[in-house]
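So that we are looking at the same thing, I have put the structure below in structure tokens.
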Amino acid sequence: MDEPLKIALRKQGIFTTTLQELYNWGRKNSLWPLNFGLACCAIEMIATTMARYDMARFGAEVFRPSPRQADLMIVAGTVTKKMAPQVIRLYNQMPEPKYVISMGACAISGGPFKQGYNVLKGIDRYIPVDIYIPGCPPRPEALIDALMALQKKIDEQHLTGADRPRHLNLDTPSEFPVPQFGAHDLEPSQNPEIWHPPLVHISLAGKDESGNN
Amino acid sequence: MNLETIKSEIEASVSGCRLEIIPNASPSEQHSLLVDAARAVAVARFLRDAAHLRFDFCSNVTGVDWPSKEISEKIKVKKILDGVEQEVEETRKTQSLGYLEAVYHLYSVEKKHGPFVLRLRTEDRENRAHLPSLTPVWRSAEFQEREIFDLFGIHFDGHPDLRRILMWDEFEDHPMRRDYVEPNDYEYEPTAHDEVLQKAKQHQNGVGC
Amino acid sequence: MLGEGILKGLAETARNFLGSYVSKDRLTTVQFPEERLPHIEAARSFPFLVYDGEDWQQGMRCVSCLICEKECPPKCIFIEKSKDKKPDATGKPQFYPVVFNIDVSVCMSCQICVEVCPFDAIKMDVEFELSTNDRFGGLLWDKERLAKSNAYYGKIHPTEAAAVDAQLAEERAKLEAKAKLAAEAKTATVATPPAQPLRETSETTEGSGA
Amino acid sequence: MATTTYPTAHITPKPSTDGGEDQFLEVSMGPQHPSTHGVFRMNVVLDGERVVKLKPVFGYLHRNHEKIAENESYLGSMPYTDRLDYLCSITNNWAYALAVEKLAGIQVPERAEYLRVITGELTRLQNHACLIGFLMQDMGASGTPLMYAFREREKILDLFESLTGARMMCNYMRFGGCRVDASADWLQQAQKVMEAFPRFLDEYERLLTENEILMARTQGVGVLPRELAVNAGITGPMLRASGINYDIRKVDKYGIYDRFAFKVPLGEHGDVYDRYMIRVLEMRESIRILQQAMREISPGPIQDPKTKIRGFRPKAGEAYGRIESPKGELGFYLISDGSPNPYRYRVRPPSLINLTVLEEMCLGQNVADVVITLGSIDIVLGEVDR
């Protein structure tokens, strides 16, 4: 059925839908986040659920303390190397379909604390992330904006076909290996199947030759 | 509250302890007292219990790393040159022995004075990095001494529960030491310069890209 | 009486609930995407580069002095200075940044780059709806993404921008006056040569600081 | 309760006198636990419901603030201090600025001191209000008190945003002053918020103070004796709840705190209820300080003109500066070797040291009381682990 006909019918009081639309509509409006705060951004996440910003308007106010009941992980704050295995374990414990929002600079790349010896340079080294919100910390509105972006993403997913989401494709993994504590660093220090940074051409910069720095 | 008088009082009541006043050149004028490790607990007890001092509140405990460094000093040496004794200036380079330091900031809740700064030094940075724990005197040192053990590697003898506090137990390094080498995770450094640029370059070369 | 305290508390919640129908103070929800909080002038999110005039490339105020790069606490700015000079919005030849990248996945919005910039070239934006699914490309902002017009700056931080504009105009006027003076002096130098070197040095120092 | 199994090698329960060792239950609360206020973990050994042993585990938010600061200029560390105790960025700024001012002997102009007091006390208001909300959340009062607290907090954050540009990470203070001046308009807004705050406090107290459930849950729970409190270096509202009169605002009289008339509320029993009450009373005293500061503030410079912001290099030496932050004694210990970076930069975190006595306070209590005892300490993990 094409879109104009659907709208015309809706005006007449007749709702038509497909299974896919109904399925996506249900999923996107009942995202249950994991009650999981790491650092500064967690306070802004709490502020988002409070009266002023009221995340309940998006059906995402039911913060679940248990990963088994949650389908959205908002990584809000610095992921340290000591915490990273636990974060990944929590992610593995969440049932599919599951989504990850990487909230704030630290969760994306380590942020300002990037050069610290105990700071993981981005949670996407170990688990796939759907939406990134830059900011330190992002405003509550920014989190709502990210939530809407995620809802849009869910809405556009197809139930069948090659581009169907991960939870409908049995060949793709839904659990990821948990790194081990090593003598100097986490082992391995990233999951090469997930983390594909582009190569930065350092020679292009030429900083050290020009002596500008 | 004069540091000199406190020093002589300690010397009078704790027999055989060596104390040294470390001056502080900054406008804060918080001079400190270096106590030899062997008598540190007795000195701490005295500071806590002496009726007019009553430093009952140990606020801040921290470590400082002073690695060994090269000191070049000019010395006048008498030498016989061409049969005549002459004074010749020579620069002699010596390697100063590095050490680790624990600094305690004491206040008095009862008398409302302070800070009194106490320093303890280890003999070296490696095998003899031991100090007596002051946790039996002030409980507030418990977590802070564990932190120093974790990050600097000073072993506090007599500490009730000395193990790593911030890093995981399998970790081997002492990251707050100045010669600590960070793990190589410089895969993506789009805005690198200075030190980070060097490390990112090393990483790329190491990986073979 | 046991339970009195609980009843008191319940009365308080009831007051808040009923009050929310009449008092704006008790109903604080902002229906975000449709409704927004009033714009706060001092608000800041990420830096942007100010340009004068129409052409962002020509009008960029940044002369790539690298101060912000050095002072940035998390080191999220990367600048490559040009080898040549190009005329800026006022026509004066200046160095310009060949590459100016800010990694917003690291930036902590601390505003120190703005504070230390002697050219008023970098300012803080207020945009915050920046969520993206592009980890690398979407979060490394280049010169083009960062460039925003002075008019935009005036719109988001009106008071501050007016002060900056006034100051820049004053400096420009001073410079022009000085140039004029210098030109006059040049004609005069034929008569009084010793006065020249002094004036020239003062002009160059002033010129580089403007 | 998180019952994920983690290595718990450190726990060696004492042999039970009335049965075998298998009576004990080891529970690892955290690092992901709704009541631990972040990523904090406690290894608790339970005998039925009773706590036999409790060992806190730290480091899940160890962000290497001190190491990073050693490679950062003095100014560059200022925004990092915001992220220590992320509920009260302004008081963190203040403590750091104070330590650097001691290190370099910088004078602060009067207006800047007033601005520091005003913003600092506003910070205390929002911190205490939120802490009480979180504490009630831990007790099962899910939502309502916390929502009321956040409603007021948003008003204070709006003030911070219009003054400093950011809601949480203000980066407001500089060595020898403040970054931006407050306009007359801003002061008026602040006056309005301040005048409305006692009304909120009355409301909050009607909601909570006499609530029988609250009293039953908190009175006599998590008692901290006086002698232990001093010896264990406890500071802030927690120390005063145990009845010890020690407020750094009164003892050190840093800034201009000697100009204000305010009382130091003291507790009697040192239990969770006293800690709750102390915070309510401290908020009332903060409002008194704010009223005086708002009345007395006069125009003037806000920055010491002799202090360079860029390329700041204090002479070699060291200094320890401390303030009364909402959590307790927040101190910074700096060693300068004359270079642009501090040689050693140490934060004395009140939250970490206040946790020293957690085990003593919880032993023999029910496991549900561990949660509220922890809640009443008022920890922020950014500061505990740095």
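Worth a mention:
Labels A, B, C and D are assigned to the chains in the order they are written; within every chain, residues are numbered from 1.
In this section, a residue touches a chain if its C-beta (ideal position, glycine included) is under 8 Å from a C-beta of that chain, and two chains touch if they have at least 3 such contacts.
All values reported here derive from a predicted model rather than from experimental measurement.
The pair with more inter-chain C-beta contacts, choosing from A-B and A-D, is A-D.
Averaging Cα coordinates per chain and for the whole protein, the chain whose average falls nearest the overall one is D.
Subunit C has its Cα centroid 43 Å from the Cα centroid of subunit B.
Averaged Cα coordinates give subunit C a centre that lies 33 Å from the centre of subunit D. Taken residue by residue, subunit B touches two or more other chains at 166-169, 175, 188, 190, 192-194, 196, whereas all remaining positions touch fewer. The set of subunit D residues touching two or more other chains comprises 59, 62, 64, 67, 71, 79-80, 83, 151, 154, 169, 385. Counting partner chains per residue, subunit C shows two or more touched chains at residues 28, 69, 73, 75, 78, 103, 106, 108-109, 136.
In terms of inter-chain touching, the protein chains here all touch one another pairwise. Within the complex, the subunit B residues that touch subunit C are 188, 190-194, 196.
Only residues 9-10, 58-59, 62, 64, 66-67, 71, 102-105, 228, 230-235, 244, 246, 251, 314-322, 329, 331, 333, 335-336, 343-344, 346, 348, 352-353, 355-357, 385 of subunit D touch subunit B when the two sit together in their complex. Across the complex, subunit C is touched by residues 72-73, 75-80, 82-83, 144, 148, 151, 154, 158, 161-166, 169, 171, 179-180, 203, 206-215, 309-310 of subunit D. Residues 24-28, 30, 56-60, 62, 64-65, 103, 105, 109, 112, 115, 117, 138-144, 163-169, 175-176, 195 of subunit B touch subunit D in their complex.
The part of subunit C that touches subunit B in the complex is made up of residues 69, 75-78, 101-103, 106, 136, 140.
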